[in-house]
Amino acid sequence: MNKETSELLTRTGPGTPMGNLMRRYWVPALLSSEIAEADGPQVRVQLLGEKLLAFRDTEGKVGLVSEFCSHRGVSLYFGRNEENGIRCAYHGVKFDRNGKCVDVPSSPQSCARMHIKAYPTVERAGIVWAYMGPEDKKPAPPELEWCLLPESHVFVSKRLQYSNYLQAMEGGIDTSHVSFVHRHEVDNDPFHKDCKALDYIKADGNVIFTIEKQDFGLTLFGRRNGDPDSYYWRVTQFLFPWFTLIPPFGDHSLAGHVWVPIDDENCWAWSINFRPDRPLDEEELAALRAGQGIHVPYDESKPGQFVPAANRDNDYLIDRTAQKDKRSYSGVFGFAAQDYSLQESMGAIQDHTAENLLPTDKAIVMARRMLVDAAVGLTQGAEPPALNATSQHVRAAGVLLPKETDPVEWAKDHLADDLSSPVHSI
Amino acid sequence: MNKETSELLTRTGPGTPMGNLMRRYWVPALLSSEIAEADGPQVRVQLLGEKLLAFRDTEGKVGLVSEFCSHRGVSLYFGRNEENGIRCAYHGVKFDRNGKCVDVPSSPQSCARMHIKAYPTVERAGIVWAYMGPEDKKPAPPELEWCLLPESHVFVSKRLQYSNYLQAMEGGIDTSHVSFVHRHEVDNDPFHKDCKALDYIKADGNVIFTIEKQDFGLTLFGRRNGDPDSYYWRVTQFLFPWFTLIPPFGDHSLAGHVWVPIDDENCWAWSINFRPDRPLDEEELAALRAGQGIHVPYDESKPGQFVPAANRDNDYLIDRTAQKDKRSYSGVFGFAAQDYSLQESMGAIQDHTAENLLPTDKAIVMARRMLVDAAVGLTQGAEPPALNATSQHVRAAGVLLPKETDPVEWAKDHLADDLSSPVHSI
Amino acid sequence: MNKETSELLTRTGPGTPMGNLMRRYWVPALLSSEIAEADGPQVRVQLLGEKLLAFRDTEGKVGLVSEFCSHRGVSLYFGRNEENGIRCAYHGVKFDRNGKCVDVPSSPQSCARMHIKAYPTVERAGIVWAYMGPEDKKPAPPELEWCLLPESHVFVSKRLQYSNYLQAMEGGIDTSHVSFVHRHEVDNDPFHKDCKALDYIKADGNVIFTIEKQDFGLTLFGRRNGDPDSYYWRVTQFLFPWFTLIPPFGDHSLAGHVWVPIDDENCWAWSINFRPDRPLDEEELAALRAGQGIHVPYDESKPGQFVPAANRDNDYLIDRTAQKDKRSYSGVFGFAAQDYSLQESMGAIQDHTAENLLPTDKAIVMARRMLVDAAVGLTQGAEPPALNATSQHVRAAGVLLPKETDPVEWAKDHLADDLSSPVHSI
């Protein structure tokens, strides 16, 4: 990839082609629980290079506004969240959740010219989503399966990753790396217990991939030998511009991710587990809260920052003995830490001009192409793809199919459009 | 404000217009107590972007010289302060308090070409002041009231602020913010006890300001309702280029500040309490030393650095519960921390192109204009204002005046020129 | 020195004239003990601005390769060192010690285009040396005396210095500073005990230097009064491009250094003690391991980083009382810390345009001239000097010679070419 394309893909600040593209979709901004209470403490939020402030007003509605007061540029983080608005602590200038200035104590007539930027929000799946694009282009709210389920059926966490969003997201699209860095984790994960899929995975390391372009993004089909007359197919979904859905294991919950730029050198990795059939039970929730599966335990010395306990400052708690003993392939523990340790080691923004892609990188190449085409297209007046929320009604799957079955055809019938059908997972 | 004016105001390094202007005044450099002993340890001092070293020589006189040896550029911080000079530890090159090279052990004849920069100093009010301008332009030493009192009558502290001097100083000029971020602090401050002024302040939140340009800087008159036939006036002084005097409360000590650039992203905030009438007593001194009033407690993990205990690394110890309970308006405690938390949140150097000034910013606008005019004037050969030290013989005041009295006229008679007159404070 | 010459001397990254020059010599890369075991943990190594990875393969041979996988740019630090190669943890791409790609699990035919950079190595004196220059120009391995002795006779340590290599190395060439910053250390060092030399050193502070240009670099002769009919000569060697040999004391071990760029703002200071006559005994080793003499104790909070315990973050543990009491000249303890505290205080890269050299800097000037001439010469097709390893067969000495003896002639006969002759040390 040349430098120019690399810049196009990785730069997401205001006014960049990729930034403009991403601003046409709903952006996961923060956990609803970070601003749990009406008139409770506001929190700093950075998205796509913009410094914002989130708060819940007296009516319980969310404000997502510029972090800084329009008067002297003071951070509203130190302001007062009270009576349906946030009041700057310096001179009392007050803004409502729409960024409208509603009080300038010393000069009421100045209100009209003091408004600050504000973005519409919606809450789904315990996440506050923001729309940061042109007002008249706002799409319908997200309809991924985990956004439509009752809250009791969904567990969401986020973690800070010290890298560009692209190299993080590509780990979610590139399923071929699972056989390496996650090799021992796959066996030991509590959410993989008692499932037949592991036998097929262990028996056949030579996965053969088919990638299918879709209206909503990409579907990745990974084929392994199954029973004598069948193949075991693992079907991963990439939903434009930043969602991934992971093939499930046995009766365990389904899972997915979102990869969202904070700025060009940092991103939020959102991780979601969900059950269409029933609420997550206490045992499941306890494990998820403890950072198991695709989640992480946090660095407790940095409350509210969602920094993983294993991070670059401690070499991800690498354990060379465990690596030698084949308890961990890279010496790092946990699906997430295994990924972000490698992805952060690429540098804050990977040098794409130095990479040598392999056939197994086909899905990454296709996803990059879709992103580039959409970003460039937007600059030329084309509408972005996958704005139709119903196109998000798709699932990942792990399924045993007769050898003669075309998985692409099968997926059309079983994984899309109708989320009331049963989950396919073995 | 456009970018060009912003740069002019905020850049103070060698050769800048504002830097050249400030070099025409005596600069508070360090506490005399930092170099208490003759031949004691030298300390690093940075002022207006220049790295300097201060020491007290064998005669007890202060040297303020370039931090670095002229030979190989080694820091004299590691040198030896002995026998009326500082000797570089690397090769023994020695300089006296005037920067004159007095010994090159290996090559005595080389002394003549080895001198380093040195600045004249004077000690007043427990502060070492430096004159960093052209030799023939040195003004008389500072004559602010607190510089002329016996040491027993004055308490001085300094703290490091992580911002440009301008946004710090503007907090001292802009008295309208007191009603907001300091609202609860005003009530609870130990140095406001038993004073009638607080009743007037609480009763009338609608302060009306008059700003008067003076030879020495600006006088700010803030009017509140007093008794039926009087107004309560609070009179603040800004003395060019960086002094402020705060209106006093009741029988408590008078107070002031100095705001001095370290470099363009950091400044020293000097805080002074003083009594014209008598020495500060033990109770007063104990409170001041503990960081009460306008002073701060320090971060004990950074001795000698004058970093406040509440600082950006710990979000200024913000207490959201106290904010909610109206024990602190912004959740931060202490006059100083309330100010610098907000001022540092503006960024190291405020983006002036994004601000929207209000009528209450009139004093700030006037002070900026004076600074710009003086800096530009100097480049065109005009002499800077307020070089006459006797112009510094002014006081702040808090006073009840009959409604018909013109406070500007009153101030001419009662706050300037004659410091032997009684303090006006209620 | 002008800015251009300063840049030429201090910039050592790939493609720079000085970097190209240094790449023509064997570079001390890491301690053999850092990769002690076959198939043990790999370590990160940075040299001359290049990020590398060192490992010992199954055969016990050393690999020194690019830190990053050629596939996606992931650090091989997280890879697996197994079966004669290092395997990237992300997708299993594997490289042998020569950087040759030996496995791409998903696409074996891609191996041919996946190789990574690798440098030849040799192990001598417990150090892994790398050759980073053009393949056909590789010189014979280093033959300094301490490289040819049995391992039992040699003790080697390294420490991280936060400065350019040049100002570090110049401390090793500039012996005139010993009388200042090391004044009290010279007396107290355990490796100076019971030696007559100290009497001469104390009695005559006025050292007279003669510098002699050699094929291998420079020889520095420092003359002090000895007995009535003799001089005490201390003879220091600088071996191109970065070795120094220190005059010995009495019956103690010989000593030397190497000064190697990590990047332009950091370098490795290697310190070596060695005995031609016998193995170092337990008492000697215990003192050396404890960081005495020219070595350092390490900051234990940063294992594997070789950061000295006394460092810039703690002001080198400066002790002003000890400085006052003349137990330490600069207040810093240890030969090494005394040097690097001063050298780091010059800034990461010394501003050479501001220095004023003295007659005692003659050796520095000559060494700089040799480096500049060789670097410029190389760009014009000239071969670098001192590539002949046998030219490294020289020693430092401390010797009492009759006044009429020419030390330069004496050194030709006694300090060069024949390392089997006795050590000259009093």
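Letters are used for the chains, namely A, B and C, taken in the order the chains are written, and counting of residues starts over at 1 for each.
One rule holds for everything that comes next: contacts are C-beta pairs under 8 Å (C-beta built on N, C-alpha and C of every residue); 3 or more make two chains touch, one makes a residue touch a chain.
Just so it is clear, the structure is predicted and the values come from calculations on it, not from any experiment.
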Chain contact topology (line, ring, star, complete or other): complete
Rotation angle superposing chain A onto its copy chain B by C-alpha atoms, nearest 5 degrees: 120
Equivalent interface positions on chain A and chain C, same or different at half: different
Centre-to-centre distance between chain C and chain A (centres being mean Cα positions), rounded to whole Å: 49
Residues of chain A that touch chain B when the two form their complex: 40-41, 68, 70-75, 77-80, 88-92, 104-107, 110, 113-114
In the complex with chain B, residue positions of chain C that touch it: 176-177, 179-181, 205, 316, 318, 320, 323, 329-332, 338, 341-343, 345-347, 350-351, 354-361
